[in-house]
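Here chain A shows up in two complexes: once beside chain B, once beside chain C.
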Partner chain A sequence: MKTALALRMKGAGYLGEWQLALPLTLAFASLFLAPLLLLFGVSFFNDDKLTEPGLAQWGKFFGDPFNYKVIADTLLLGVKTVAATVLVGYPLALVFIDLSARLQRVLLFVIVMPLLLSVVVRTFAWIVVLGHEGLINTLLLRLGLIGEPLKLLQTELGLVISLTQIEMPLMLLPLISVMSRLEPNLRDAAAALGASRWRTLFTVIVPLSMPGLVAGCLLVFASSTTAFISQTVIGGVRLIYLPLVIWQQSLVVFNWPLAAVASMALLVSILTVVAALSYLGRRASGAIHG
Partner chain B sequence: MARRRSFGDISYGIVIGGLALLALVIIVTPVVVVLLMSFGEGQSLKFPPTGFTFRWYAELFDASQSRQIHRAAGNSLEVAALSTLFGAVLGAMGALGLARSRSRMARAADSFFLSPLVLPGIAFGLAALMYFTLVGLRPSLGLIIAGHMIVTVPFIVRTTAASLSQLDPALNDSSQSLGASWFYTLRRVTLPLIAPGIAAGAFLAFMSSIDNVPVSLFLSTARTDMLPIRMWGMMESSLDVRIAAISGVLIAAAFLLMLFMEWTVGLTRRMRE
Partner chain C sequence: MFTRRRVLAGATALGGAALLPTIAAAKGGLTAAIYPGTWEDAYRAIVIPALKKTYDVDLELQPLFAVDEVAKAKAARGAPPFDCFVLDPGPRITAIEAGLFEKFDGKKLSNASKVPSAFIDEWGICVGAQVVGIAYNPKKLPAPKGWKDLLTDPWVSRLGITGFQTTFGTVSLIEIAKQFGGSETNIDPALVELKKVLPKIAAVGQPAAMPGLFQQGQCDVMYTNTQTVATLKGKGVDIEFVKPESGAVAFYTTLHIAKGSDAIDNAYKYFDTVVSTPVQEALTKPPYNFLPANKDVPIPPDLPMKSLDEMSTYVLHDWAKINPLRAGWIEKFNKEMAK
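The block that comes next holds the complex of A and B.
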């Protein structure tokens, strides 16, 4: 049996190698592409029994100004999380490339570890940190910096702080992988030519690390805008983002067409930002190498 | 080469170093805080915890008190193991099939296989629920396994493709010119060399299946409860300190697994590629 298979495959030679990708292609076509097309199709029904085709749900969703606010809030949450992860993550990557190989391994372990911890665990951890009697409030109260506990849970600030930690590995991994391949002599050359370290950072290192930075921003943006558990648990019920709308409409109200419209809104707005970012990234790296 | 340290250089050191330190504190603190909480005596999530007790762990491991958690954890493990197994076979085959091709089709297929990484999982979860329901399938662990495989297989495709790109094509050619069949070459030359890459990807896929929320949220039912969904339910209803104990167990498991993977296949090195 094994030899028969081997003989058949030998006959096919190199030319047949692509056929190895067929099972995965079939799985993706039937379990990934088909459901997404169906989702698109379901959005064009007026009623939740899916009997009457029409654009009623699109009209309902986009006729309600509240939903525009939800979309804007969702995208803004992504932008704020990206900004926060870049602000603290980029310096950490800069420090990382200057460390010895041994320390790099330790630091990388510390960075990757939270990525492998359940998002639910990380979300729970932030409840303990941000809570009324949590770490931050206890610390600030004991230091005498505040008179009474700050409200951090169920605020956007608390959510952005939490998402910064939750999504940080997605920013750091692509950044570190690009930055450790930078030619170290470039920085010495810039210094020898009299550039300050700040100038070297902004005119040499940042442009050259652009592909990693863009990749990190894409992953953090896509992940934070759809982080349903963190958004609902830390954000609470008053902060409403698109994933919550999709969940409510599909599993609480059982209005599948409206949930499908909300999903399309989420998909299109995220993919637009992702496409724009990767276009900018390609242009930025093209400007250096081209 | 001695260089005068100017004000700019000092401010650079302070600002960059300070922000990097802040990043480290943000990354590490929550993990430490949860571990401390899980050994605290208090009923509420007050920090710092008072006293020291194994009570929450004892309650967690008690079969009668935590039956639902045990069942959810069992389901999660089963789904992660099987979706990773299928994903490793299909994903490695897919990466092998596309590795040598530079055609437009192959590159398109490659981005197609990686697209679940950026596509909102919640949209796919809802799509899968509608699809399976309208096709007439009843909710089952099998469907969750299929859904998890789709969203976790990109990790395997990516790491396998990375190890294949570092493989010397001459090895393949010499094996074949010495008379080895295509299949024999694959089995005795290529696979052993890319096995660490497949293993690293499979590990990431397994961990991300254990962690998956968006697909499980839509496809799991009371009978096929999954651990993250159960924990979410526990967090939304009563802030049960057992969640801290579950977190403690998951932190320890992730830590040990990661040490093991680092030691065997150099996981972090592969994630940088």
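The block that comes next holds the complex of A and C.
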């Protein structure tokens, strides 16, 4: 029956493998690639009415040293958030693989839960936690650990703390899916050969979990550097990142060419870091596999 | 058995069925942009049922800030995502320059005679006014007298500010600049003075985040409009409005028909309903506290104006002069305030 169907499909000359990818390819080309090209095209106009072609907005954006600081701050925010999610998330993933199947399900639910809430709700919840009269300050004041409220909201520290929680599922899900497929006997073998637990962790588990770790880092980096709502609501507008500049230029002053240049700067700088990360990841996992 | 022909026939039928409600709704439907917050709440509660009752028109509201409306309409190039705008003076001028409005004929409104004649022009109709001044928490701070006070203790260390993205932010910063020798076209003195006290300032936030920051005690004094104060008060927040010594700022809010709209008749019915006496009366009451645009409606005693004629005693700004400078001011604000 199966063979007959396959023969018939082949005979009829439709549904080759590449054709199965056609809907997604078309959607990708029309909904992502075409707008991206359009955006790139818009950046080559000098005026906001898109009448005079030219490179003036590129010159304006890259001629202003302030914008380099904005790009650097944006990338640095991504790096800090990635570092924090790895520091908190990796030990959690290690705990996860040793749990019973039932507890794993519970923990997985807890990990995924933040994704079920809108990012706006999560972000505003962090205002309540980090605020001048928020949970943390009230707690520390009542315990007598501080004399007056700490400034947590509208600081980079507060922003990184909240982004760490907001982006955590993006780190943990790929990490856990790779780590739960690790052969448990490998750890026993390492122990039998006399490796300490730390040595087993760094020479066996970490290299083998690298694909998950790299995937998690990529997702967290790309998501935190572009998290406009969290950046502006929790970070305030004294911390200036590229998404804020893009929003101001496109939606407040309607200078679309400059917004397009800033968007290209964001895209290229994130892609560069992402490419570097995945290259390093491939090399690190290659060290053990090959 | 699923044949290609049957599947296609089924899909066409489904597609056709999906179109039906659209056709039905288009008969008596209208989509209007509205400011999020008080405006949206009030129009949902009062205008939607009134429009349905009087004209059998279904109104769908799209919550958008003024600048977002202009951006969306510009991006849509002649196929507007909504039929009506609600705008402040600055974005209104931008939209007129970009040709985003249909011409408006006030004579088509049955309630036109009840609206002050200056409220109707060739582009739209004024349906309210917003008053901007200082809001503070009376339990935490004494009442500030004017804009200058904001930059001195005890207010400055509890002050929350926003930049030039919104109308209320822009006019407040202009007024601060004026106290230090600046003007409608020169806001530099405000930035110089703000920079001197910047480390002390409690919050520099996004306009939409300010009510939340005030509510959470992150700041206890800020510049804002009377409606935000009324809304927060309604939620039990300790907040009072102060009219600065140099005068509170007022600006009009206007409705316009989007160019290319296919529901122009319904748009007139919508405007007519908004300025009708019962709707205006309901809008002036708490928790909405709108200033009425209808001469037959008395202004309630707790609003900052006694009559709309008082508008001339408020500080008004010339947005034709401000608009071209605003992009530069936003960049300057970013640079001066950045950490």
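Note that the second predicted complex is superposed on the first by the 269 of 290 C-alpha atoms of A that agree within 3 Å, B and C clash if a C-alpha of one lies under 4 Å from a C-alpha of the other, contacts with A are read in each partner's own complex, and residues count from 1 in each chain.
One rule holds for everything that comes next: a contact is a pair of C-beta atoms (placed from the backbone, for glycine too) under 8 Å apart; a residue touches a chain by one contact, two chains touch by 3 or more.
Model, not experiment: these values are computed from the prediction.
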item	value
Clash or fit, chain B versus chain C on superposed chain A	clash
Touching partner for A:Leu186 - first (chain B), second (chain C), both, neither	neither
Which of chain B and chain C A:Ser196 touches, first, second, both or neither	first
Partner chain in contact with A:Leu173 - chain B first, chain C second, else both or neither	first
First (chain B), second (chain C), both or neither touched by A:Leu55	neither
First, second, both or neither for A:Phe66, with chain B first and chain C second	second
First, second, both or neither for A:Leu103, with chain B first and chain C second	neither
Of chain C and chain B, partner touching more chain A residues	B
Touched partner set for A:Leu280, first chain B, second chain C, both or neither	neither
Partner chain(s) touched by A:Pro91 [first = chain B, second = chain C, both, neither]	first
Partner chain(s) touched by A:Gly134 [first = chain B, second = chain C, both, neither]	both
Residues of chain A at both interfaces, chain B in one complex, chain C in the other	124, 127-128, 131, 133-134, 232-233, 250-251
Partner chain A, residues of chain C touching it in the complex	67-68, 70-71, 74, 94, 162-165, 202-206, 209, 212-213, 216-219, 326-327, 330, 334-335, 337-339
Chain B residues within the chain A interface of the complex	1, 3, 6, 8-9, 11-13, 15-20, 22-24, 26-31, 33-34, 37, 44-48, 90-91, 93-94, 96-101, 106, 109, 112-113, 116-124, 126-131, 134, 146-147, 149-150, 153, 157, 181-184, 207, 210-211, 213-214, 217-218, 227-228, 231-232, 235-236, 239, 243-244, 246-247, 250-251, 254-255, 257-258, 262, 267-268, 271-273
List of chain A residues in touch with chain B within their complex	5-7, 9-10, 12-14, 17-25, 27-28, 31-32, 34-36, 38-39, 42, 87-92, 94-95, 105, 108-114, 116-129, 131, 133-135, 138, 161, 164-165, 168, 173, 176-177, 180, 188, 191-192, 196-198, 201, 218-219, 222, 225-226, 228-229, 232-233, 243, 246-247, 250-251, 256, 259-260, 263-264, 266-267, 270-271, 274
Chain A to chain C touching residues, read off their complex	66, 69, 124, 127-128, 131-134, 153-154, 156, 232-233, 236-240, 245, 248, 250-255
